[in-house]
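Input: a single structure, listed below in structure tokens.
So that you can tell them apart, the chains are marked A, B, C and D in the order they are listed, and the count of residues begins at 1 in each.
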Amino acid sequence: MLAEFLQYLIAGVTIGATYALVALGFTLVYNASHVINFAQGEMLMIGGMATVALLALGVPLPLAIALAILTAALLGLLLHRLAIAPARQADVVTLIIITIGAAIFLRGIAQVIWGRDYHSLPSFSQPEAINLFGATMYTQSLWVLGISAMVVILLALFFARTAVGRATLAVCMNKRAARLMGVRVEWVLTLAFTLAAVLGAIAGVVAAPITLTSYDIGIMLGLKGFVAAAIGGLGSGVGAIVGGLLLGISEAMTAGYLSSDYKDAVAFLLILLILLFMPRGLFGSREAERV
Amino acid sequence: MRLEVKGLSKAFGGVHAVDELDFTVEPGQIYAVIGPNGAGKTTLFNLISGIYRPDCGEIRLNDERVTNLPPEQLAARGMLRTFQHMQVCMNMSALENVMLGRHLHTVRGFWSALLRLPQLRRSEQACREQAAELLEFVGCHDYLESAASALPYGALKRLEIARALAAKPGILLLDEPAAGLNTTETAALERLIASIAADGITVVLVEHDMKLVMSISEQVLVLDYGRRLAVGTPTEVRQNPDVIAAYLGG
Amino acid sequence: MVIPRWIPGKVSGMPLLIAVLLLFPLTTGNEFHLDIATQMALIAATVVGLNLLVGYAGQVSLGHAAFFAIGAYGSAVLTSTYGWSAVPALLGSAALVAAIAWLFGRPLLRLKGHYLSMATLGFGIIVAIVINNEGWLTGGPDGMAVAPFSIFGFELSVFDDYTLWGVEVTGALLWYVVAAFLLVVAVWIALNIIDSPIGRALRAVHGSEVAARVVGVDTAHYKLMIFVVSAIYASVMGSFYAHYTGFITPELATFEHSIELITMVVLGGMGSTFGVIIGAVLLLLLPQLLADFQQYEMLLFGLILMLTMIFMPKGLLPTLCQLFTRVLDRSRLSARRRDET
Amino acid sequence: MRTLSRTPARTLARRTLALVAALACGGLTAPLLAADPIRIGAFVSATGPASLLGDPELKTLELYVEKINEQGGVLGRELELIHYDDAGRASEARRYANRLLRSDRVDLLIGGSTTGTTMAAVPLAERAGRPLISMAGAIEITEPVRPWIFKTPQTDRMAAERVLEDMQQRGIERIGLISGTDSFGRSGREQTHAIAADYGIEIVADRTYGPQDTDMTSQLTRIRNTEGVEAVFNFGFGQGPAIVTRNYAHLGIELPLYQSHGVASDRFLELVGSAGEGVRLPASPLLVPDALPEDDPQRPVVQAYKEAYEARWGESVSTFGGYAYDALMLAVEAMEKAGTTEPEAVRSALERIEGFVGVTGTFNLSPEDHNGLDPSSFRLLEVRDGRWHLVD
């Protein structure tokens, strides 16, 4: 019984950590610019696929991962500089559609360059699975959890301790005030998009040995990440992490104990209930309206 | 329309913007609220007009308790207002902005809108004419069909007043109507406020322009740190030692 | 002073739309072209309804495809499985959709921000999952066949030929006429709503919600009203779409389909009724045009979407209208200068 | 777009212009009836969730249309392949099928890759009176028989029969079923439920996973913990079954694992690695061409197809490409048999094809059977040492 529960928990937490990283990317961009960046899932795909491609070229794994993350970072930067910044006067919905265009574009490029096949990435360490109180755990799960935790801590330190991080927070809170304080808002926005891309790519790379990867994997994982962010209140970092884990665990538990047909529905039902009864999400902040 | 405020308080993060405030505005009065910056004047307006919810206290309109009612319901009871930082729909024309003010007095049923029934067409035509009249009344006849975004600052201020008047107010709250206006415009505004009051509409205004306040108000309320410093006729207030201290000494 | 209005006046837009719809079948005898045009008209009508919500009330629904799908599956199941006739089935589905929209919209539309979009996202995906899973009712992922639209014993199938008043017409042409008529009605109703105190109130929400509220506009009420209306639009068009294509699959309810509908609105121009029709037409036409590029189709589609929105952030029609009025102003100005000299 | 006969760029420009003219301004643009090649119209799911099916299908069609034209075409005429990608969406499939029939005026349709895309196009083909050869599995495509509709893959029922038969032989009585929630998995699940009792087999656990899911350990744990399960059968295609297989191995489940023909490509072996050891599945002999007996009539056909495909595209064959090969070859056979491309003649010629050896199996079509395959055309394979082996 306990072993079964533990098995579901491990599965849920592993995939949940991936969702959380993607959700953090959504949150970062949303806070800075109020844009829901639908190209976030594609960054995850780029992370995984670029690593696979570089490995195939004979690049050693750590270098391949670094280069893949760098590629995603560059794409995130370009996405903001070339697509979002030129249209900064536009309605938020318009910017969202631009990110959808970017997502389709990136998927299109990936499909042309890397084809439509699924690829697997080798596990980072051996053996691939270990036994834990009767439940089996991928060692890769440990990588996923460890790296996610590390990323979250680094991110927290970045926002709390560095001048750039504080400037980003200032922009998130009030763009105009930040500008008056001398923060270069455009620069900070670019940084937010770049960081979000890095988060996505990291999620894509560490999860790929478990999830496999392909040019269109970003659609589903991106959507799940967005859902996780929504559960957390869209705009709260803690919310994104909790939302991601909650989503992953609820999926695994539902698939195990209840109905696997409706395991995805549970997550979305969660959103509806949270919105109806806790309208600001679990961790959404209350904004005072100023007149 | 009579406005009564009792024990009204509102704090933002420990700072008492409005603190245990009491006052009464009698029907037909021109009532001014003055005070140094940060005295809580705009917060007071936002509380009275239902944009903020008070922490405690009571607001009565013609003896009806209206505390915590949302702005749209206060408007339906005859309380209208303008804003210090203007709230004009820049995506609409000047005329449409005023027509918006007549919202409560137009035929606006769902089916009559859906099918564009004759009664709605007639009501819209009347609304358009009345809005045009009001724009002329406030002196904006040059801008009838202009986009609101094309109006100069002074005209926008008057547009806001016209919009409020369109809703047939019993009481009108004006938040710094003279801010940013030159002397000619201020003089025109003074005449406008006087003629509004002459129609029997109670006027409450927050204003920095002391000349304007002293020449048209019947009662003046002086606020300091959210509290009542003094209240009385312009002459009384001007001679009140606390007021002099706050304005000159502070 | 010329106001660059987003909506080309009712006077110019409506006759133009009717003229285009009337002339189109005269220019082609090709059933494929009629087929595409019929689908375009039905989708465009859906998008005209969605635009009321997105373009005017400023609320984004990420689950509008679900309403479309409930309309489609409602009609399909009630007619094919339960033997209802088409009209009550259509009305029944629309009533169900209206009830759902009201139930969700009421608490959510009182809040500001992206709450409606998140709730509709969740709702939409749940609907897609249910349709996919409940195969006994919906045919599951394989989809289900839908009976032709019938009214007063007259069965309108795209695959039959008819003789009306001695004239031979194909079912495809008849369906085109029906779809075109539906589009005109949809536009007429939308324009009526926009050009009424309700529409003014909604536009005010976009301009300044506070301003609208302090003059007595119950903005939450109107947002809810328009949310329900736009959901009914989607449901009704979904019903017709199901009868027209004769075969529906759960893809109608997917998140991708919802996104597609929103994209049509934004591409054509939020708040521009005729603009969003152009948006719908283009977005349905684009894959047909790009089909020749094979594996570059997706890449090009994304690129075109991105570039259009970057360079025409207000959408196609409003941008073009602005350009047009600017040129007009300039020529008028130069004409005046000529007069003066 | 059209393979051969015109330079792609000019074709593209002309077709784009024609479509814009017709749809935007409306011009009379009946396609030019040029030197009359035989037009084969194809709509496949080359992208989207079913691209694992559509991609090899399209590549096969392109390859063999080229080959046939090099060898002088059919009835002395060239073949012209006009193909569109429906991305797995039924509404797109419907649009493209209509475009192929009405604008491109094809003589015969091949497609779609999935049951949904096929069924959306079926009424159009029937209305236009053009033969349609589907590459999708579900039994409902050809049952009941529709005059113009044919299909090349075995039905999913046959796959289920083949697996259940093998289980019965091994003495397995209680199984756990896991399947994808896509069209392929759903339909397979239904068929398995429908016939399991015929083989004395009881399905004691029944779980599903989404086509895009990335982890199935919960479902598999549930199945493992269900009392009495003696084997597990997974009905799905795409990456899902690969993940199931990997999870299965990592969970250390010792029971026999059966897959469906949805994973029958060498790609599956690459994805699952050592986790795939012992997996059994029904598949076309395409995967084990050299293991077929010398006298098997399919041996040369399968060997030739595999060789040609892998040489041309540099990737391994899958069962799905074989469906496209059979569809095209059946069409060619029927046209040659009829001596014309007149649709009704081709249709009735198709119904008269007997003993036609394809990649998937030997086809015996008739007016009552528009599929023409029997379950024995499925060979049972087992993965051993990372390679496919025939189970005797």
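Quick note on the criterion: a contact is a pair of C-beta atoms (placed from the backbone, for glycine too) under 8 Å apart; a residue touches a chain by one contact, two chains touch by 3 or more.
Being a predicted model, the structure only gives us computed values, none of them experimental.
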Which chain is the middle one, judged by CA centres? C
Most distant chain from subunit C by Cα centroid: B
Whole-Å distance, subunit A centre to subunit D centre, using C-alpha means? 35
Measuring centre to centre with CA averages, how many angstrom lie between subunit A and subunit B? 48
Using Cα averages as centroids, what's the distance between subunit B and subunit C in whole Å? 41
Separation of subunit A from subunit C, taking each centre as the mean of its C-alpha atoms, in whole Å: 32
Going through subunit A residue by residue, note those that touch at least 2 other chains and give them in order. 111, 261, 264, 289, 291
Each of the following residues of subunit B touches two or more other chains, namely 51, 83, 87
So subunit D residues touching two or more other chains come to 46-47, 181
So, in the complex, the side of subunit A touching subunit D is made of residues 4, 7-8, 10-12, 14-15, 111, 116-120, 128-129, 136, 138, 207, 210-212, 214, 216-217, 219-221, 251-253, 255-257, 260-261, 263-264
Considering only the defined contacts, which subunit C positions touch subunit B in the complex? 1, 3-4, 189, 192-193, 195-201, 203-204, 206-208, 210-219, 225
Which residues of subunit D touch subunit A in the complex? 46-49, 51-52, 55, 181, 207-210, 212-219, 221-222, 225, 238-239, 242-243, 250-252, 267, 270-271, 273, 315
Per the touch rule, the subunit B residues reaching subunit C in their complex are 49, 51, 70-72, 74-76, 80-81, 83, 87-93, 96-97, 99-101, 103-104, 106-108, 110, 112-116, 120, 124, 127, 145-148, 150, 163-164, 166-167
Complex contacts: residues of subunit D adjacent to subunit C: 1, 11-12, 15-16, 19-20, 22-30, 46-47, 84-85, 89-92, 94-96, 98-99, 101-103, 115-116, 119-120, 122-123, 126-127, 138, 140, 181-183, 186-187, 190
